[in-house]
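Each in structure tokens, the structures are laid out below.
One chain, chain A, appears in both complexes that follow, with chain B as partner in the first and chain C in the second.
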Partner chain A sequence: MRRLTKIAAASAVLSLALTACANDSDTAAEDDLCGGGGDGPNVGLAYDVGGRGDQSFNDAAARGMEQAKEELGATCTEAQAQDGEPESAREDRLRTLAEDGHDPIIGTGFAYSLAVDAVAPDFPDTSFGVVDGFDPTGDEANDNVAYLGFAENEGSFLVGVAAALKTQTDHVGFVGGVHNDLIKKFEAGYTAGVEAVNPDITVDVTYIEEEDLSGFADPAGGKAAAAAMYENGADIVYHASGGSGSGVFDAAVEAGDDMWAIGVDSDQYLTASDDQKEHILTSMLKRVDTATFNEIKSVADDKPLSSYQSYDLAADGVGYSTSGGYIDDIKDQIDEWAEKIKSGEVEVPSTVK
Partner chain B sequence: MSQTATSTGTPGAAPQEPRAARFSYFWLLLALGAIVTVSAVRLITGQDQLDSSGSLRAAILATCPILMAAIGGMWSERAGVVNIGLEGQMILGTWGAAYFTYYYGPWVGILGAALMGAVGGALHALATVTFGVDHIVSGVAVNIIGLGAAAFLAEAYFTGLPGGGPRQLSGLDRPLSITVPGLADGAESLSDKGWFFVSDVASLVSALSTNLSILTVLVFALVGVSGWVLWRTSFGLRLRSCGENPQASESLGVNVILYKWIAVVVSGALAGVGGGFLALVASSGFVTGQTGGRGYIGLAAMIFGNWRPGGILAGSLMFGYTDSLPLRSADTIHALLLLVAIGLFALAIWRFTRKQTRQAIVFGVIGLLFLVWFLTTDQVPREFTGMTPYIATLLVLAFSAQRLRMPKADGQVYRKGSAG
Partner chain C sequence: MTPLRKAVGSLVAPLVAVVAAMLITSVVVALSGSSPMEFWQIIFEPPADRVYVNIVNQSSMIFLSALAAAIGFRMNLFNIGVEGQYQMASYVSAVVVGAAFVPGPLNVVLGLVVAVVTGALWAGIAGVLKVTRGVSEVISTIMLNAIAGTLVGYFMSTYGIRTGNARQTATIPESSRVPGFTPFLERDGAIWSLVLIAVLAGIAFSFVLNRTRFGFDLRATGMSETAAVASGVKVSRMIVISMLISGGIAGLIWMPAFFGSAYSYGTAYQAGLGFTGIAVALLGRNRPLGIMFGALLFAFLNEQSNRLTLNSDISQNVVLITQGVIVLAVVVAYEVVRRRQAAAEQRAVTQKLQAEPRGSGTGPSDTTEVKA
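Our next item is the complex of A and B:
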């Protein structure tokens, strides 16, 4: 019995120690980003699943926050989301941030749309921003909510143009993480971009999951989907699948030379491993940092944004990357198309035909 | 699945025994029949992706993590401990594989995955075997701890590494994979011909001889080894006796607590290897949450397989196949309907010959429904394709539930000395 007590005590101590470590690291992360600001807006930054360090849009939001700290003296509190959490957890998170007096409160990711819609009416003096957000009710818009949308279709159009100009086999692919309206927008733009250059090119489309958000964290699924495309003759695959994208890059590496993948959201060439870098043609950029910064700035200027804000190509909200130099030879052509989109000469569809 | 101690996954089944011989003959015929059926469906529907070498390769990759979790579950439950902590142990395995591969290479990485999984298993064993905690409660706790610990460890160790971040580590070295020269190309070109039967066998050969990871071989070897250890050694007999009647075992001098500990730790280690497979072979990187419920699917595969290696292998292959197929080509799911219908008809006929008329009629009617569905539609709605593995689970479990028998003392808390 004494031995049992000892073991129990030891495991209790161990678990306490682990908890303490976890707490330490949380505060450390917050100190990095949020501490040391001035008397600017006190921002509540609620991350989506993935959180800080996803090398994608949560990190981009953090960069926007950092810019706001430097330029506007903003301070902030970060809040992380859990995988598979219920809707009420997001609401509670926003409510806590609002009750603590944060303004603005920014939710990164469309998953916050419903929660913001529920919480915002209770805090009419607080501004809310939802990256990729939409008004779920569609009828009574909340004046204090800004939906920070991006013209992903326009950015995807440009990488579609790049793919169409670079493909040797006249066959390209698209891997989406989850089959929802947001990701379909990527597909629509990409397909349109490919078709604009050469309507004879085949575009394979696969979504990893229909509904389940786990499709954004399934590299094995991303690899299986992309590998099928490379085997069937595609030589360039664009992914809009978050963390599953590393599997798509793996598939490109395994498929061999002259097989390419296109990254998404941020310049993925910069964060990829060395052997993946040789296969990342370009990345579609989504400037979540710009949107986050603008939202904070609008509150600092006392002119808080509201309703739909579109960060399109003209507003520098989307774009493409050139790291690696693989598309330097066709950059002029891509930019020509970009100009046509900006001038309205070319209209990029946002829904799949 | 078989009623005797012999099953396909168990090497060392003595061929001179008439019973064993009859069964391997039976399985051989079944396999041939399956290939012929698939081949016929492929030709009728024109869906070459149904069993192209690429599809089979993807299916094998999707099978291995599920298979390891299921075999891990078998070890634990054969010793009488329900291990629903497989998911958590798998998650720990993904982290272990990533960490040890990054610093010491893929082979140490596999050991690291097994080690981390074993730690999760040890935690479960400590709670359930030593302290007598309810197995389900402890298993849920292990899942939550595994998820949290992996997230914490990733943030602590992967931040700032090249290709790494607080939630991921990509571009890991892969374990060696082999391509059999000559055979691989020959089989591949033969499978592209689209001939009846020949091309389907060639696809299988090509899938197994092209870019086959050593780790895949290891996974299948572990299935055989597990079957051999549990059913062909006195160690295995004692271990299984702990799951059937621990009181009797103890009265015969078996150290029940020790055997249960060994079983649960091995169980965790195998689940960890499954996680390691996900992080090293199925894709080459760690992402938090990448197991995506495969541990639970493994649990279902174990029950489907009647707590036996042969059945578990079949169940895991089914899950792996239906999981990976929609990713290759969504249209192929439509062809699966015909395959399911044929399978159900076969079951109906088999039941009919055994004079189980009512069951035969049920199978026949459901098979007919699938056939009608196949004939009246051109494609399966997208929303259904993601459900394929789960519908298959439900169907199969519903049909085979009567024949399942779990270890008698499975899930019961055993206290030392309770033999009285």
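Our next item is the complex of A and C:
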């Protein structure tokens, strides 16, 4: 009994400590995003799991905020979601931001949908924005909520084209953070893009977590998944796994020359380490920054956005990056596909076959 | 040992632990370049009304989780699979209740029964594996956690109802909801009625363990398996039954939230309570009253730490360090207290033996205290 207690105590403490380490990605203390603005909107910015410093999804929202600070004189308060937190914690976070007079309040990540739906009616004069969000009730949508949606499948299609044109082994991979419908949308677009160029190319697909959102903050999991793909013969791996992506890049570095990774959401070449840079072919851009900025601007202009806002390829809501210059030779071909998507000639599937 | 000294002894350990945790946390905060004063100011700030509500709700779930772990510990079993057990139970129960086979309140009862049975069966797998194949329950329950997560994830993405980017089970009918009461304003939220499950489970736990034959057998097996076997306890049967009970309690963990505010399994499902429960069970020395204080403390720290991300640049994760140190310090402190008590008892016995003339001593009968 006493021995068991000691073992149990050690493992309980270890698991708490590991959680603390895994989430230790916030660089909030290092650079001050919120201070130094003018008399623009006072933004409440609630990040998803992973938070600022994930060099991907949440950082894209932060860039939108930064632009708003420069152009609109906006100020802000940041807050971050915790892995495994209760619904009430998200609600409490939004309520506190609203009570402190923030407007607009932006939740990054669809996990905020329920909380916004519960909080928004109590603050009718405050505007809310939810990146990737949706109205969970489906009946009476709140007028003061904007759902900022993206055509991730279209952007993923383009990097799929890039992968198909660049692969030497006719074998590419996809690492998803969590096996949910949103990430399956990335997979669907990517696979369709690869197939559009060459249907004979093999696409390996792995998800880090089936359901648990920790899959977006698990670099070790991302690395393991990608390393297996490189070993199996893939030479390009696209990740849609938020903060876990740095592990995918590390796997590419370790796999050696001519092994590539494709970033997601932000232009990840810009934030990668020097040895990772040589392996980041391109990044699928999901312009969360544009959406965040537009939401803040709409409040500054006194015409707050409401209901569903669609950021697709035609609206420059998604795209791909060229930093590093590794895909300059195929840029024309990718842009041709982009035009076809914009004109409606090519329709990109949003669900996995 | 007088009862008073014993009581003081069992209070000293947790107090020392909390003080140690506060000191170490302060050092960590200071090392990371922030102000410990600011940290404690935010943590000990009077909570907002809705935070009180959340603390009560959260501690009821943490309590149930800790109780599930505690019954295993009392029997010398490490059920690390509470996490998977309550996930399976929550999902299956949500599906059954959402299908609304029976009307109104009956549906609630059905949901609770389904949750208990599912949790028990999932834990039972580990119990059966242990007695028939000798598989350590630590290994099997961890693996069952992973299997539960993957299974539920698969079922959700295959059969779940898609709303926006998320999936959920069917929302349960109005008549099957158990909302609770609102001590403050409507917007501050309600204390779920099913929080009472935690209270009832705590009372039942205490009664079964201390007042029944089964409870005695369980404690006896936990303290010394060989002694239990010698006195006729069927250990393998005890293992399976305790795993079933542990899993059954685990099945109830998310039920207050499910019937009180979530109404479906989906993004509102709260993962991670199973591991919190293990820590709180240790903190509470596997006894309901201790666990209750532990659950309140952990819920308080969790809820108050939400303010950290808003009002300071201190990471919320610092609270995890506080919680870890509390658990560690409690275990160490109890061990120290136990050794000192044992030494004191030994001294008392020796003194007694020396004082009494030879021949009359009938053995140190006053030292056979039951301790777990």
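Everything below uses one rule, namely that the second predicted complex is superposed on the first by the 322 of 353 C-alpha atoms of A that agree within 3 Å, B and C clash if a C-alpha of one lies under 4 Å from a C-alpha of the other, contacts with A are read in each partner's own complex, and residues count from 1 in each chain.
We take it that a contact is a pair of C-beta atoms (placed from the backbone, for glycine too) under 8 Å apart; a residue touches a chain by one contact, two chains touch by 3 or more.
This is a predicted model, so every value here is computed, not measured.
J.: Touch check for A:93: first (chain B), second (chain C), both, or neither?
T.: second
J.: Give one of first, second, both or neither to describe whether A:211 is in contact with chain B, with chain C, with both, or with none.
T.: both
J.: Per the contact definition in the header, classify A:181: touching chain B only (first), chain C only (second), both, or neither.
T.: second
J.: Have a look at where A:66 lands relative to chain B and chain C in the superposition and call it first, second, both or neither.
T.: Once the two structures are laid over each other on A, A:66 reaches no partner at all.
J.: What is the contact status of A:250 with respect to chain B (first) and chain C (second): first, second, both, or neither?
T.: Touch status of A:250: first partner only.
J.: With the two structures laid over each other on chain A, which partner does A:289 touch: chain B (first), chain C (second), both, or neither?
T.: It touches nothing on chain B or chain C.
J.: What is the contact status of A:272 with respect to chain B (first) and chain C (second): first, second, both, or neither?
T.: first
J.: Across the two complexes, find the residues of chain A that touch chain B and also touch chain C.
T.: In the superposed arrangement, which is not itself an observed complex, chain A uses residues 4, 7-8, 11, 83, 179, 209-212 for both chain B and chain C.
J.: Along chain A, where are the residues that touch chain C in the complex?
T.: The touching residues are 1-2, 4-9, 11-13, 15-17, 19-20, 23-24, 26, 28-29, 77-80, 82-89, 91-93, 95-97, 100, 110-111, 113-114, 122, 132-136, 138, 147, 179-182, 184, 209-212.
J.: Of all residues in chain C, which touch chain A in the complex?
T.: Those in contact with chain A are residues 32-34, 48, 50-51, 54, 57-58, 73, 76, 78, 80, 149-150, 152-154, 156-157, 162-167, 187, 189, 222-223, 257, 261-262, 267-268, 270-273, 275, 278-279, 282, 302-303, 306-307, 309-310, 313, 315-318, 320-321, 323-325, 327-328, 331, 335, 372.
J.: Touching residues of chain A toward chain B in the complex: what are they?
T.: So the residues of chain A in touch with chain B come to 4, 7-8, 11, 18, 21-22, 25, 49-55, 83, 179, 206-212, 214, 217-225, 227-228, 231-232, 243-244, 246-247, 249-250, 254, 271-276.
J.: In their complex, what parts of chain B are in touch with chain A?
T.: 49, 54-55, 58, 61-62, 65, 126, 130-131, 147-149, 152, 155-156, 159, 162-163, 165-168, 170-172, 211, 278, 282-285, 287-290, 292-293, 324, 327-330, 382-383, 385-386
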